[in-house]
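Report on the structure given below.
So that you can tell them apart, the chains are marked A, B, C and D in the order they are listed, and the count of residues begins at 1 in each.
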Amino acid sequence: MTATLPVLMVTGFEPFGGEDLNPSWEVCAALDGLQIGGARVVARRLPCAFGAALQALDEALALHAPALVLCLGQAAGRADFSVERVAINVDDARIPDNLGACPVDVPVLPGGPAAYFATLPIKAMVAALHGAGLPASVSQTAGTYVCNHVFYGLMHRLTVRPGVHGGFMHLPLLPVQAARRPGPSLPLTTQVEGVRVALAAAWATAQDLRAAGGAEC
Amino acid sequence: MTATLPVLMVTGFEPFGGEDLNPSWEVCAALDGLQIGGARVVARRLPCAFGAALQALDEALALHAPALVLCLGQAAGRADFSVERVAINVDDARIPDNLGACPVDVPVLPGGPAAYFATLPIKAMVAALHGAGLPASVSQTAGTYVCNHVFYGLMHRLTVRPGVHGGFMHLPLLPVQAARRPGPSLPLTTQVEGVRVALAAAWATAQDLRAAGGAEC
Amino acid sequence: MTATLPVLMVTGFEPFGGEDLNPSWEVCAALDGLQIGGARVVARRLPCAFGAALQALDEALALHAPALVLCLGQAAGRADFSVERVAINVDDARIPDNLGACPVDVPVLPGGPAAYFATLPIKAMVAALHGAGLPASVSQTAGTYVCNHVFYGLMHRLTVRPGVHGGFMHLPLLPVQAARRPGPSLPLTTQVEGVRVALAAAWATAQDLRAAGGAEC
Amino acid sequence: MTATLPVLMVTGFEPFGGEDLNPSWEVCAALDGLQIGGARVVARRLPCAFGAALQALDEALALHAPALVLCLGQAAGRADFSVERVAINVDDARIPDNLGACPVDVPVLPGGPAAYFATLPIKAMVAALHGAGLPASVSQTAGTYVCNHVFYGLMHRLTVRPGVHGGFMHLPLLPVQAARRPGPSLPLTTQVEGVRVALAAAWATAQDLRAAGGAEC
């Protein structure tokens, strides 16, 4: 029964900034239901809006009780699978979100820590992508828009879910988007493959870490 | 019988600069034998060497008597299908070619014109690529290395083959290449599709142009 | 007597990465002793080495008891005055530092917070630079090399020096450096002017903040 | 008497594209009247308009009978002194010129050659700039806008002025421009110095070339 498999939750965003689609959700939709390493991928779509995105994330976490969470976002201008290292406690929007909010220099979580590091094995994910012949790198900034907001909110929520690792990956534009505004792109099939590879690497390592942790205690 | 179909000749280069493969040849190999608009694609591999590349081009032109020629080359750093407008009469190499030659500021053809424009419909090719949801642009420079050398040599040879249109397109790296050196890339299937689309647009327009020319005279 | 003026401390690094000079120190040297808004600039040169740089910073803080600290660093590839928002608790070096150390994914401060935000008025500094006709922006990452190491170490040290604001600014290459490796640059006189403008804005705002704070309590 | 000195003519453009100033003219204005190597710099301002720019160039050539001509233009996005190698016989405007014209794929000179190479010693100019600690490179494209239009028109006109060498150099934005739109910039004093250095190198070499030619015949 798939219902009893551990859940690898991936999230993607609805389109924003005048685009018709968002690669992060397209990839999620393609991966939904896939089995990876004895676990099942569950995909959730998040609104591109401060606050509302985290409410949707809360519902998803409550519903699916995932064993691992990888949130995805679109990064125009980036050419590779960009595995984020750190989320910072600030919202600073240059363009309004999809509900019209445009916060400037306010914390994601008042009183929260300045930052959270991803708890996914970011170096192992990059190595797995390279091993699969795909371009990838660690990124030191997820920006200050809704992507970072969700990443920070996720990591904060996971502090009370011990053993559940989480992180964020930025994806390039799709070619159809780059046909309208110059910049690097990767087609959907490549993006789906890359996220699958990174997710499998993250899950395999998370399992190792748990096993190791269990043996020590 | 395919032997009687008009030939659309595409050329690609062997790897150079320490790479194991060259997208321009990988794309050619995938298109070889394909039928497009009542014509047949014939692919030829060129050495990445000044002089030798044009000798191979000469042999290919003599053997296949193509109705249209599109030469392809690799362009690290470019993110889209880059349709070249103009070839200039200069070889200026920063790295040696595959035979060790490193010409500096010598003409491709002593006494030749300073430049040749592509005779393919470069704007129609870009429009067709955009229409297929693929990133593309006109480029104003094919550089001064073996790509430009072949492009210039091609256009010079076509001056004595009236009605045979020719041009050059630069392709991004493949993802497996970009996994080793940062920069934009597009996977082989996308590159094959893009060259097919551009070639079809070029051939359709070339046919139109011939028809129109005939009617006017 | 200048000895009694509040001290605005600026730090710059010695050259690294094969360069003969480092704009961050060249700017510091030019500003050393300058008076700005009733305060006196004191410049200190830091080794480009993990650990050693913070020891030098400790000595400088003890010696000068600054009222404000702005650390400077070189950022090849950046085109403007890049005012850093946040320092993260990680050292991750792709090239060895000047003492040969090459730490990978170790904390700057074991057990320290994941990040510190600059306490200088980064938006006011960017606005002042723009007002002076100079290119500037807020940056969301100071990297993971010695620059971020010093920035993080500084902010940690300032937690026990209430009222002393601190931050970090990255500077472009100098033209003489860009003559050897392509990329944006700004000449020393422009860099000196920009740092002076940013420092004056930071100090003026810090004074305002103090005044405001005092009035409220 | 300065009236009898050979004239080194430099041209710059009026502002365009919504800018308030154009570095190419600012540099010219600063160099006007300067003596270099026994010659006198004469600066002329050109309208940023197809056709009209060449009329102004014709008047200037007739009036000053220069011994050497270096036209300058603004290149947003370029970081260094960009010495152009070749002008091509095409106008292709993405934005209207200052008189509202927006030609697409029309020749600068109907029936003219596809391209003209600069007759200034472009490699010597780059070497002189590097020697002065300034960033510089040879560029293979001057675009297809008014800059290329003037460059092509200049080189065509010089074909009937034997011994008069000419060329084109693109300049980065000024910092005040880059304060409003991100990108590389160099301040006016640096730009003036760079153009002076390049002009001196061009003139010194041109004199050498003439001397050499005279000796051989």
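Keep this in mind: contacts are C-beta pairs under 8 Å (C-beta built on N, C-alpha and C of every residue); 3 or more make two chains touch, one makes a residue touch a chain.
As the structure is a computational prediction, the values presented were derived from the model and not from experiment.
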item: Chains contacting each of chain C and chain D, listed by label; value: none
item: Interface residue identity across copies chain A, chain B - same or different by half; value: same
item: Label of the chain whose CA centroid is most distant from the centroid of chain A; value: D
item: Centroid distance [mean C-alpha coordinates] between chain D and chain A, Å; value: 50
item: Rounded Å distance between chain A and chain B, as computed from the means of their C-alpha atoms; value: 39
item: Intercentroid distance (Cα basis), chain C paired with chain A, Å; value: 32
item: For chain A, residues that touch 2 or more chains besides their own; value: none
item: Chain-level touch network, classified as line, ring, star, complete or other; value: ring
item: Listing of all chain pairs that touch each other, if any do; value: A-B, A-C, B-D, C-D
item: Touching residues (chain side chain C, partner chain A) in the complex; value: 85-86, 88-90, 92, 105, 113-117, 123, 138, 140-141, 143-144
item: Residues on chain B engaged by chain A in the complex (per definition of touch); value: 79-80, 129-130, 133-137, 175-176, 178-180, 182-187, 189-190
